[in-house]
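The data blocks that follow each hold one structure.
Each of the next two complexes has chain A plus one other chain: chain B in the first, chain C in the second.
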Partner chain A sequence: MKEAENNPIVSLIASIVSPFIMLFGLYVIFHGHYSPGGGFQGGTLLAASIILIRLAHSSHTGQLQFPAKLGTPLGSLGVLIYYGTGLAALWWGGQFLNYAFLPLAEEISLRRSWGILLVEIGVGLAVMAILVSIFDDLLEEEDHD
Partner chain B sequence: MKDQRLKIVNYSLLLIFLALLIYASLGLSPRGDLNSWVNREESAAHSPNAATYYIRHAYHDTHSPNMVTAILADYRGYDTLGEETVILTAGIICFLLLRRERRKTKNSKNKEIKAEK
Partner chain C sequence: MHWELELVFFVILIILALVALMVRNLLTAVVMLNVFSFLSALLYVVMGAVDVGFTEAVVGGGVTGVFLVVLIFKTTRRSTD
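On to the complex of A and B.
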């Protein structure tokens, strides 16, 4: 594919809107307890903000923001956070993924709340990185030619 | 000609699927109906229903007012773990399949060019 000419209006609007989408994605992840939301939805929003920059600017600018190499490692890190939370509960004497045994707070219900937050962060990270990496895989040829 | 026939088949299949979905949705119990099997405390086989337990204990157990998150990440943690693994697998498979094929096509193109020379 030939390099598309950068439309200044599109790039400007994308640059303005993208940080707000990212902020909203973070809000959705971290407020998953209290309002509708969670890791999957928040991760998708984060990925949308990154892909928006890639679409509106040249692929080089998008690579500066989030390098394509980072996709698979960050996705694996997200999954590892999830497994790590489960294994940490196992380490402190509980069952796998039983957040009540994580030494994060005094109250058991609060411990579960923190455990859910950790897990949601892992899910959000994995979903964001994997979505961006699939987008990069599909467009890889166009970057090189 | 063939394209048009395919289009007709496509749209008729979509319409049939829509009719099927509407027919299936007619079988759902109305929302908030206390007498439907979904909302009873015991299932048809006289075993306790999970939904009522979640509604009663979710906030007390997990200190999070969002019941959906509590169920997804805590009660059904294994399920979400599996989902995340599936997403990672999909990403890795995209990575492997697409990049490998690209390399092959590029190599074959190079070979063709060399053969022409």
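On to the complex of A and C.
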């Protein structure tokens, strides 16, 4: 974006608020089974906390926190976790994404709980990485012209 | 159940959408769209769809506004009228 002077108040407030947004995003991801929220919302909150640091500080600080070249590999890893869970259920004899066939626990309900948690971690990782990399791609051309 | 609240929300939503369409300044239009998103999230919560309202508040009010502001700063208006 435009070269704005580094405002200390904005930087301080962003530094204070950003970890709490990140913590709330993790809470939303890990409590997605039985409360509103889930992988998409939690991933968006994580991306919002990272984008807040990138907006308030210099771009160098944002790159230290989450390097831009990490976006595509992390997004791909999230998609792989999602499809890996589904294909693992397929491998152990069930249907695609049928968590009851995953050999994670003894009870069926616990198996479903762990399966949903795995899928939501994958979705959250993919959404966070892709949203941050969209933001980086929007800002990237500025350096060249 | 809360029909008075929903009526107020709907009226404000229509006003905000009209302002966002009519206004000349693009930054003002983006802010109006953000307020639109938050109010529609409130409307979803009042109607009982907490999950949809949460998604609307996070995506429409948080990330979309940042992206649109970045796009406004990166583009220029060709005509000067």
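Points to keep in mind about this one:
As a working rule, the second predicted complex is superposed on the first by the 140 of 145 C-alpha atoms of A that agree within 3 Å, B and C clash if a C-alpha of one lies under 4 Å from a C-alpha of the other, contacts with A are read in each partner's own complex, and residues count from 1 in each chain.
By our rule, a residue touches a chain if its C-beta (ideal position, glycine included) is under 8 Å from a C-beta of that chain, and two chains touch if they have at least 3 such contacts.
Here the structure is a predicted model, which is why all the values come from computation and not from measurement.
Room for both chain B and chain C is found when the two structures are superposed via chain A, with no clash between them.
By the touch criterion defined above, A:Pro36 lies against chain B and chain C together after alignment on the C-alpha atoms of chain A. With chain A as the common frame, chain A serves as the apex of an angle whose CA-centre rays point to chain B and chain C; its value is 40 degrees, to a multiple of 10.
In the superposition on chain A, A:Ala14 makes contact with neither chain B nor chain C. Once the two complexes are overlaid on the shared chain, A:Ala68 sits clear of chain B and of chain C alike. Once the two complexes are laid over each other on the shared chain, residue contacts for A:Arg112 go to chain B alone; chain C is not touched. Note on chain A: of its two partners chain C and chain B, the one contacting more of its residues is B. In the superposition on chain A, contact of A:Thr44 is made with chain C only, not with chain B.
Contact with chain C, but none with chain B, is seen for A:Leu55 once the two complexes are overlaid on the shared chain. Shortest separation of chain B and chain C in the overlay equals 5 Å (C-alpha atoms, whole Å). Applying the stated touch rule to the two superposed structures, the overlap between the chain B and chain C interfaces on chain A comprises residues 36-38, 40, 134, 138, 141. For chain C in complex with chain A, the touching residues are 50-51, 54-55, 58-59, 62-63, 66-67, 70-71, 73-74. The touching residues of chain A, counted against chain C in their complex, run 1-2, 36-38, 40-41, 44-45, 47-48, 51, 55, 131, 134-135, 138-139, 141-142. Chain A makes touch with chain B in their complex at residues 32-40, 71-72, 75-76, 78-79, 82-83, 86, 97, 99, 107, 109-110, 112-113, 115-116, 119-120, 122-123, 126-127, 129-130, 133-134, 137-138, 140-141.
Interface of chain B with chain A (complex): residues 60-66, 68-70, 72-74, 77-78, 80-81, 83-85, 87-88, 90-92, 94-95, 98-99, 102.
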